[in-house]
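See below for the structure under consideration.
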């Protein structure tokens, strides 16, 4: 039994509040256990300089934590005057992951800005960010499509992420909270699409290593967790949007 | 009648959620109309270098906006690598205001870090931050006192803030929302204590000026609004805390 | 009696050297007691990007202190690589104040850069900067007008500033020097126009508060001090310029 | 057949020059195809502040590219005044990977600084850096051990890294050069220890995804490539050092 | 004849105002033609970390220009957030030059901070800074000696600097103003001591070169100019200080 | 006899590896004793903004040291977030020196970026950089000329640099290594052209001075060393290039 009473393969309670803020084109408050992240999607009617004139869009993400999202207060990155390596790694990961399920040509020369602001942290903030950001982005892009600004439906698959790990007692567990994460020997973030493919796999031995067999166990448990996340996303996206994404996925597959 | 249907001297609906986050010693979500700010108070068991050995504490504040708290997305200050003049002005104001109602010797060599993070903005974010931060700070310091770490009760008065202004039609109004604020000729932030004294008065003609008589009207309307804010604060602080603050205020007055 | 022998409502000796430097369009060395500030006004034939095409001008200010303007040496902000919150507050204040007495449309798409460099500091550097900068700016804009580059006279009123405060002994005093300022309970900067209106009012209790009645006393004494500053400005601006400003003020009033 | 004539599972020619520089405790020039990296290991007789007094050491890495290591010149990060997200990701990866094969308690309160400077780039610079840095570090730590400054042999396994990927034509290939890397659908960096365990696994679909079966193919081919890298490392480390590392590995396994 | 009517070997009028500011230990306003620099010397009762415990002092310099010291306004280095290469070169030069005529052991573990702030520029600002800074420093160190804080007289020689150059018409000239400097083919800064030795010689062909013979001409004319600067320094330092410096120079020579 | 057994006027062994890297238009590894610098020349088909439309080119240089080029590890300037004064001085020197032997009009609106990266340092890194950069630049520009992109041959003379100095024992020596440089009383960098003219002369007394006669000795020994450097450059440039440079020099002389 785990510190918070869960089974090894049990994910924490998930809740996704949609239309959480009035200004952004898409916004959610995602709660995974005690981890809470505000994810917003903003549409900008142009792309960064290096992409101009290519007729396709861009998705980029920023990630931050409130100073007191954590047990002890962290110094703001704006006060330090620079963004940490950890933050940069996470925001590159979120952006890359989302781009894998969007038809960038379909959104035209627009940028989708994703902002993930962790207001409370208890492990798994980067994976909760991806899972929540997908919903915010889907709302924002669905709105663009409804407003007849796009000729093709741009979201071509679902996307969710979780973490898995190997604890000090060698147990393979799903969705680590902060205490587990701090002590884990192996930590792996898995990002998957609705059709069961991987987008990102980042496994790290923390002053430790993992075998081929352990890897298989980690992947299996991750897949089961992500399936639950897809259910949570679909229930808040609503049937109409789910159907459109599934149709776009089929069309994309047909073309390949 | 104002754009949102209010009377000239009508404040927007106020709501203060307390114990909003699990980690900080004090935390609230304050809502004033469509403006929403997360205010946290964190206790650090030391003071900044320039105050060491003086036997008294310090209160400092930081202020930030989520990129999409506003109508259009703002670039993060952490990405720009520096904090804007506006942000610095606001965080200096919040810290200074709170220090006026705390007996810094009573808190010993500790720092109270106040973090005000605007998650949704519709005018009056700095005054909402002060009003909310007071409650978060009072909770955190009350806890320290209950834990018998302080010999004296440190909060010696209530503190709240609002904005008043003169619109283009020369009307003097209370608690400006974003649309009103953008077009106002005169904008004034007023911070007051529970016993009716001023802590800060910042009046600015925006490419305009104001007369001595207009100033009197602005102050009168501000006072009425702040009285309502004190009611909202007291109802969430609870009778026991309110009583302790009032006793501390009396004691301080007696000593003078 | 005050530390330097002045009466409570006595301003320090004022001296304004005009055409102090050969390169700027306007330049003064203003001396208020032992406080000395070089103020220059530079005309740039364009406005910042956010204002282009609007057919109006802009006024912006920068403020700095020589490292040894003060009792002990300060580290240069260029060495620290960033501008302090205090500096930003002051330069925003100076720019805002000057914009209140200039018809920005009359100056066309030009920027007036104001630079206030404190070479010796003894309290009141920000208010001396405003008072001196007004003269430097008036000279620079008068020159533009004389050169027939402007169709309307752009300076529509006089502008000066002083500080007032409440000392530890509760005495209300005018034009605080550094020793008084360090110990004052309340510090207030007042910026006024030639027709007796307020442009800025920034009153701050330093770990202290002030009552409505004290505020009235502060304002009264400030007004008397500013009247003396206007005399000093007018004597160096010369009759012709004073007359033009007064005519522009009347015209502007007539239009309202 | 690949652009440079290699088979899908063929690694590029590897060359490791040891004792490449006179000053560092360990230094190599590693060449993998046209990719050339200078890797140095420097011993500092203290640890970073957050680790003081814990009786164990630390390993940290920095990575950089000469401006003209690439086809077109890159701006120096020192000129830009900040380190890019990509660089931070890579230096965190190198440090973490090396720490997995070193007994940090055995090195005492010392820091091993690893510097990887790419003087010529043709894909795979981060994996070449890890492979080369291991040799530089092993030399530096071996020297410390020979000088009788360590009671235990600190290097407890071999470590090497390579990249694998899936090209546009769906072919799974080993050790991608720059042209292949730019066009690959999936890119995976694999870091392994001498006993066949994983330390890091970072697989990324570039606007693409990969299946469970493709993952197995990628891992298989990576393992074969890394085996060749171990041979290259062992031949330059020399029999005596190889033997000591293997003994340390056995001892560590025995203890578990 | 030169643009300002001078002979080739004629220096511009020199004026040195001493005790120019009330706070610094030494301060001058030096005027060389239209170039005006405020030079201050501040004594700090400690040395930088890298020199602690060596029983000797340090002299360091900072240099800056007011934004409107020049024909067109320059952006402040504090606004840019970094100090330019030109500024760094100049401040390193000033510090190094002054250290050559001070017995660093005689001043004990103190730092002399030199600040040179150009308020008006017309060529030769770095050499005017050195010449003025010497006087400010001599005053500050003389005061320390008079206060019996030093056992030995620390200033062991005079120091002054000028610029020489070769104009487009091949004429070798002394003390170039801004117009001459902009067009010169060769520019040379010469720093000399009272006994006729060189401290610094920095000659630069600006997209041009100079011969051995031209070098001799440049040095000769520089020497004559510096002799005049020594006269100006001596007249403001006063006989007593001049005598002490000359005695210290003789003693130092005797010891060699 | 010197610490490394050389005569006072003996230069260290010089070796220049050309075409050292595959990507840059010109690249060398220059070795002077134990000092090793990679110098590259990159051609960019545009000039910096301040030079656009003038029909001439620009040459600019950057200089850096690997962290472990030296006895003890230096912090990277990219980690510090700023470039040191020493680095700025050196890169300005290198750029300025190279511009003196290139006909900037002949290269058209192009920028030559010179990068000098010191991989091993033992004194004289800036002069080795100039000597090596000249060869890399000559190769790059020769290639442009061969490709018929330039109508005139742009390199109009040879360029090399060395250091000379006066040791503590008053001996005048050529090409100081690190140990000598650290203890030298006078240090002088001399940059000369193939026709025996000076481009730069930077002599510095390190808490010391030098006489007119010592200067003559320093210049004489510098000239002899630079002659050897020209021989080394010519032997790797090849007869054809040497001839073209000499012809361009004659033509330029003829025109004057």
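Chains here go by letter, A, B, C, D, E and F, matching the order in which they are written, and residues are numbered from 1 within each.
In the analysis below, contacts are C-beta pairs under 8 Å (C-beta built on N, C-alpha and C of every residue); 3 or more make two chains touch, one makes a residue touch a chain.
Remember, predicted model here, so these are calculated numbers, not experimental data.
Student: Could you give the fewest steps needed to travel from chain D to chain E through chains in contact?
Tutor: Step count on the best path from chain D to chain E: 2.
Student: Tell me which chain's centre, taken as the mean of its C-alpha atoms, is farthest from chain F.
Tutor: Centroid comparison gives B as the farthest chain from chain F.
Student: So, comparing C-alpha centroids, which chain is the farthest one from chain E?
Tutor: The chain lying farthest from chain E is A.
Student: Could you say what rotation angle superposes chain C on its sequence twin chain F, using C-alpha positions and rounding to the nearest 5°?
Tutor: Result for this pair is 120 degrees.
Student: Find the geometric centre of each of chain A and chain C from their Cα atoms only, then give the gap between the two centres in Å, rounded to an integer.
Tutor: Computed value for the inter-centroid distance: 52 Å.
Student: Calculate how many whole Å lie between the centre of chain D and the centre of chain F, each centre taken as the average of the chain's C-alpha atoms.
Tutor: Each chain reduced to its C-alpha mean, chain D and chain F end up 35 Å apart.
Student: Quick check: how many Å separate the C-alpha centres of chain B and chain F?
Tutor: 61
Student: Using the touch rule from the top of the page, what residues of chain F touch 2 or more other chains?
Tutor: 81-83
Student: Round the ring starting with chain E, chain F following: which chains, in what order?
Tutor: E, F, D, A, B, C
Student: For the complex, which residues does chain A have touching chain B?
Tutor: Residues in contact with chain B: 21-24, 27, 34, 38, 40, 42, 44, 62, 64, 66-71, 73, 76-83, 87, 113, 115, 117, 119-120.
Student: Going by the contact rule set out above, which residues of chain E touch chain F in the complex?
Tutor: Residue list for chain E touching chain F: 82-86, 88-89, 91-92, 96, 99-100, 104, 188, 193, 196-212, 215, 219.
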